[in-house]
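In the two assemblies presented below, chain A is common to both, partnered first by chain B and then by chain C.
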Partner chain A sequence: MDIVVCIKRVPAFGAQVPLTDDGLAVDTRHLGFTIGPHEECAVEEAVRLAAAHGGRVTVLTVGPEEAGEQLRYALAMGAHQGVLVDTGTTDLDPEATATAVLAGLADEPAPDLLLFGDASADAGHGQVGVRVALACGLPIVGGVTGIEAESGAVPENGAVAENGAVTENGATLRATRDTPGGTEVFGLSVPAAVAVKEGLNLPRYPTLPGRLKAKKAALRTVTCGPEPGGLRTLGLRRPADDRAGAIPLGRGADAAPAVVDVLAELGKV
Partner chain B sequence: MQLIVVADGQVVPELPAVARSLASRDEPVEAVAFAGTGVPAGDVAGELGGYGVSRLHVVRHELLDEYGPEAWGSALATVIDWLGPAGVLASASHRDTEVLTHAAARAGLPLATNCVRLAGEEDGSGAWRLTRTRSGGVLLEDAELTAPVKLATVAAAVETPQVPLQPADCEVTESAVDVPPELARTRVAERVASETGLSLSTAPVVVSGGRGVGGAEGFVVLEELAERLGGVVGCSRVATNNGWRPHRDQVGLTGTKIAADLYIACGISGATQHWVGCMDSAAILAINTDPEAPMMQRATYAVEGDVHEVVPAVLAEIRRRADGAAGSGRSGVEEPAPAGSSRR
Partner chain C sequence: MTEIPERADIVVVGAGIVGNSVCHHLAELGWRNIVLIEKGPLPDPGGSTGHASNFIFPVDHSREITALTTDSMRQYEKLGTLISCGGVEVAREPARVEELKRRMASARAWGVDAELIDPGRVAELVPFVDPDILLAGFWTPSVAVVDPLRAGALMREQAIADGALTVAASTTVTGIRTDGGRVQRVCTDAGDVETSLVVVACGVWSPRIARLAGGQIPLTPAVHQMMDVGPIPEFEASGTAIAYPIVRDMDALMYERQSGADLEIGSYAHRPILHEPDEIPSLAAAALSPTQLPFTSEDFDPQLEQALELFGSILDRPDAGVRHAINGLLSLTPDGAPVLGPSPEVDGLWSAAAVWIKEGPGVGRMMAEWLTHGDCEFDMHGADIARFYPHQRTREHVRARANEGFNKTYGIVHPREQWESARGRKLSPFHARERAAGAVFFEVGGWERPHWYESNRDLLEEFGDRIHDRPHEWDARWWSPIVEAEHLALRERAAMIDLTAFAQFDVRGPGALDYLQRMTMAQLDRPVGRICYTPVLTPGGGFRSDLTVVRLAEDRFRVITGGADGARDRFWFESHLPADGSASLVDVTSAVCTLGLWGPRARDILAATTEDDVSGEAIPFGTARWIAVDGIPVLALRVSYVGDLGWELHAPFEQGQALWDAIAEAGRPHGIAPAGIGVYGTTGRLEKGYRLMGAELDAEYDPVEAGLALPKVKAADFIGKDAYLAAREGDPAATLCTLTVDDHLGAEGIPRYPQGGEPIVTPAGERIVDRKGRGSAVTSAGPAPSVGRHLLMAYLPPEFAVEGTSLQVEYMAERYPVTVARAGRTPLFDPDDTRMKA
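Up next is the complex of A and B:
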């Protein structure tokens, strides 16, 4: 099962989110960067699926040259190759990001499975997976926290599986997700796209040999300057924080009576 | 026309007000629902009429009888094409957002999700000026949406515009719609109802643990405290990443966002990823050895100390007072501590 995983380079915030003086972006001069948590789970799942069913894992990202750092992290986790769509920035609107992802996919063999994170950890539009899948003619389900693959389960072309999925090349995926109304289960036949959420698995930490190998790996770079879409960012700001500062209730075990007083005031004991 | 999408059968009162504020004077506000929603169209129409929505379009197709993001999104894209609305609004619920996202992709239109403010551009361009949340609400993004049809999802925390809503007779119009047969591929094949009882997202009290809890066994006292307070246990990302708790217990940007009456953060530093998940709670009690931890600064109440000492002491105090109260009718039992006392 050949898999492409789309990941995003996002700032790793601490408790504060600094902004640039012009308010147009997060000031990342003193921040580290990471792969969004949902996407880290997508990489982990891809590596596991490829190990269990064969196939190659390609990680793809859209951003500046520095986003190669996140591709290398995914390679260190066990992905086989990386594609950097160099747009100079990660601050693109969802339509432009989807165009850039498609530019990166154009020269790759069509994957059996295209994985996304459910929404990026910074902008959080949650649209790129759906836009890309549609352009590729792939079914997509989002918010997925469980994937089970059955390879070769249905050999006949065009056979209808029990779950209603029309199977064409014999592999089906059972994708589950939690919604406020309960758990929803989808039967997908590959090729398909899935957007996943954290909780799908526990991503591994890269091994040292993995990191060393990833450091030397060649990344394929595609340059892309996508047309902007209809949603234009004018600026970022922090919401007003009207919290007054914490009321101290004491230290250690001695604080217990004051804590229980508060619990009583709130009607909880 | 401004069009409201009702994909999950829930009419969100803020939507008609926002739609009305975006509409020009004589422009109607109408709504669209799906025959497979499971809520009678008459009920939805009755509710919408109260908010001045004049028509409810109900779309029918056998593929819409069960939920499927692609089929429903495709049907909505068709309706948008038929009706040619100036704007399309949906709530930020899971299903509404998903249907609108699929419709936007199919119609080739931009979409602004999680908006907390929407207004027409004053220059008469027909564009919308909006504010949306980013990173779970820790940042606000001001943006401009320019499109022949403008699509947005509206967060629960939206600023509701003060516009008069004239109640209307909301007429129901049923229409058959074409849905490409291959979109059966993403219909829900099976459903498992959620467990009843308290869940993290609905519990009035959440007792959460992070790095300071130190391990899975450290959560035993948190469980006990949660049970005492009629709540459930939550945790930070550190706790799930260490395998101390399952991910379904995680409060935060990539876990569950909660709005409890009381949130008790035990040994949680309060990084942004976690803070955005609990910040909507009415009261927050932080217990941490580090008085400088962000959670200790931003909480409503703070106790400086080790979770392993503080939580058992709080439990002992609760038990002591409960025993005192239960025993106060009998003789020879210790008096309950007077409220507001602080024994040091």
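Up next is the complex of A and C:
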């Protein structure tokens, strides 16, 4: 099963999100970059699926040249190749991002599975996967926290598996997601798109040999300057800091009654 | 937030390992009303102490650092926060094997158990390393891992229990108010504290906090990369934090150690990455913590391969992933040493910065003693904040040297190695002439001083086999046989030596004599024109300095001291000036240049340049006279550190070149040669038995031991007098001796020459320790060309400090026979000083 995973370079924050003086962007001078937790799970899932069922994992990112760092991280986790759609920035609206993703996909063989994170860790619009899937004519399920491929059922060009282990409407993937009322199960036939959520799996840490291989890997770069879409950032504001500092309730056993009061107040006892 | 008191006897800023240790030891010494202010939450406020690898290798080439480290280990142990695991430094390259042998010498000299081992034994100790890529190991069983956060918490708790300490956590120091250059109050976001003493123990933030008071702490935050790789099942199975010895992969500039289930890998191999103290993110803005910055993987990439080479057996596994990786921040200083003690810029501002976990508790103890008594048990001159000249405190200088120094952290650094950056900062007026003569410059205190002159190479032929070639590259590094040739030219004819790097102070006023009497050990109440060489003592009676004082007038003196210690000496003298203003001190270093002229022909040469009488009657030994040399007003001091007839000629700086030319011209018919500091500081000095501050002389030895006690004790009171009197009463625990090396032939079949720092051992190979616990080690080493021997100086306990005693010196893991040639001050060359006094 050939899989493309779309990932985004995002700043790694601490407790507070620092903003630039003009309030238009996150101040990333002292921040490192990472890929969001949803996407990390997507990469992990892709690597596992490919290991179990064969196929290649391609990671694709839209951003500046530096986003190659995130592609290499995914390669170190076990992805096979990387595509960088160089737009010079990650600060694109979802429409433009989707256009750029499609530009990156254009020269790739059509994958069996297109994986996204449910929403990016910074902007969080949750639109790119849907837009890309729509443009590709693929079905998409979002919010997924479980994926199972029918073992041995990986189809060639979307054909139904030979062993007949087929779910309703001939699907070869089971995607599940949690809702307050229970678990929803989707059957999907490939090719398909899935947007996954953190909790899907426990992503691995890259190994040293993995990192070394990733360091040497060549990335395919596509340059793209998409037309801006309809969303604009007017400004960012930090919420009022209403987190009170830690309030000591007392020392040792003397603190116990105060702790009980707090728990009672919270309705926990 | 804690209520902070309105007033404190002392405020310590920063609750890392250093600040906590300082508070603890202050309380132990009886201080009360100590306030510790920390901007972060406790117990881990987000400084460097929270994310260190926390291991301690006790052996260092520096005695001071080794002493601080072993003292710290004792303290961690006492607090129950130390786990001994052993450690091995491994060599991949032949040059490193030599360096490990040198470390062996330092281990012996400073009394740490260690052993050179072969790769097979390394693999026995640490079963995961590949011994095939190793050549040798340096095994130190006492290497340990500590818990500095817990140690710090216990130290705070004890001080709080003693009623001595108030801790204000999550409280940021925002200002330090001064008045007339004195600390008055510390301002925080939770209110102000009135105090006259502030200790800055703020790690990488220290420069910023010092600046709040108008002072400078010369250090820069710098990255040290570290990662944790795991899980390693063998480590998990051990069930402890650390079950295997720590490995320092010295040639890769890396270390590897078990940390629970992970292998922790640290690197000093990446490019220097310096940060600004003002730009360190706050706790809230940092992803991990202010001192754990985002990992820049490209900087670590080359190290991955080296780690895999050595630890492939556990790292090259699909389950062993990089679980944690940081660009950790630590402090780098221009010379790599800590920055401790009272700021020379702001009264009441103290620095306790650029200290590692391994030295923290020891530094805390020394700082508390220093604050309490004015000095401390260990000699701290190499860590004293006052050692920096003003230009060395600038951001530019700090960054230049930190950039250059970072990769030396695990490097092989020759004891004479010179810096490449920030050179050419201070040039004497003779500089152009020196360059023309092919001077090879060494730096001291920013000054460029010729160490020898390539133009003197032809002297090698003249002096032929009296000069010793050093066939081993290490012995010959940063050295030239030309030094010996210049030495012999001086002894046979005459030489001129640039001494402009001297620091010079003019002290004047009606109280000048009384003030200087109080500062020095020798009797300075002598006639005008007399020159006095005198020790300057610490309150505890050790050496603070040694220097020359010239009485220029009844109420006017010139103090002349070495360039290496000029900044420290100036601070010491300035900070003791009488409060009533009866004496003043002016630093005239930049106004005066000094040319040494010595040798049997020196008088003929000087006479040819002046109409003044330069005979022994007109300028007897030990006196100073103003003369005119070719029309240049010169203060001629009839003294000599090389033990020959001649003068220090002190002239106005801008007339220096004319002075040089006049002496060179007059000296030509006499065969004068320029000579470098190699002669002045090593060869000439050693054969005359002269002691050097920082080598033989330091705060841990007294004048009696150094052979510098004077026949009479002056009536006037002076700093260190009580201790000096006591030392004169008792038998010295050690005596400074001069030793000859009797046989230089090493195992490789070529002669070897000890360089200094090596242990002196008994004929049976046992370490020699005096009754105060101080080991005997070479303080200075060098050739004595006029005597034809290689000399060593070392303090020896009385039973060995007997002329004719046979001992051994341990150099590069081999032993060479030595003989005590002199016990005490009498020189080997010209013992009656007839040449100098001619």
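Basically, the second predicted complex is superposed on the first by the 232 of 269 C-alpha atoms of A that agree within 3 Å, B and C clash if a C-alpha of one lies under 4 Å from a C-alpha of the other, contacts with A are read in each partner's own complex, and residues count from 1 in each chain.
The criterion applied here is as follows: contacts are C-beta pairs under 8 Å (C-beta built on N, C-alpha and C of every residue); 3 or more make two chains touch, one makes a residue touch a chain.
This structure is a prediction, so every number in the text was calculated from the model and none was measured.
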{"item": "Which superposed partner A:Ala15 touches (first chain B, second chain C, both, neither)", "value": "both"}
{"item": "Which of chain B and chain C A:Leu212 touches, first, second, both or neither", "value": "second"}
{"item": "Which superposed partner A:Gly181 touches (first chain B, second chain C, both, neither)", "value": "first"}
{"item": "First (chain B), second (chain C), both or neither touched by A:His30", "value": "second"}
{"item": "Which superposed partner A:Val130 touches (first chain B, second chain C, both, neither)", "value": "first"}
{"item": "Per-residue contact with chain A, leading partner among chain C and chain B", "value": "B"}
{"item": "Partner chain(s) touched by A:Arg204 [first = chain B, second = chain C, both, neither]", "value": "second"}
{"item": "First (chain B), second (chain C), both or neither touched by A:Val194", "value": "neither"}
{"item": "Overlapping contact positions on chain A, where the chain C interface meets the chain B interface", "value": "13-16, 245-246"}
{"item": "Complex contact set, residues of chain C against chain A", "value": "1, 41, 170, 229, 279, 281-288, 293-295, 297-298, 301, 304-305, 307-308, 315-323"}
{"item": "Touching residues (chain side chain B, partner chain A) in the complex", "value": "8, 67, 69-70, 73, 93-95, 97-98, 101-102, 104-106, 109-114, 129, 133-147, 150, 182, 184-194, 201, 204-205, 228-230, 237, 240-241, 243, 246-248, 250, 253-255, 261-262, 269-273, 275, 283, 285-286, 294, 296-306, 309-310, 312-314, 316-318, 321-322, 337, 339-344"}
{"item": "Touch list for chain A against partner chain B, complex", "value": "13-17, 19, 26, 37-38, 93-95, 121-127, 130-131, 134, 139-143, 145, 163-166, 178-189, 197-199, 202, 229-239, 241, 243, 245-264, 266, 268-269"}
{"item": "Chain A - residues contacting chain C, complex", "value": "12-16, 18, 29-33, 69, 72, 204-212, 215, 245-246"}
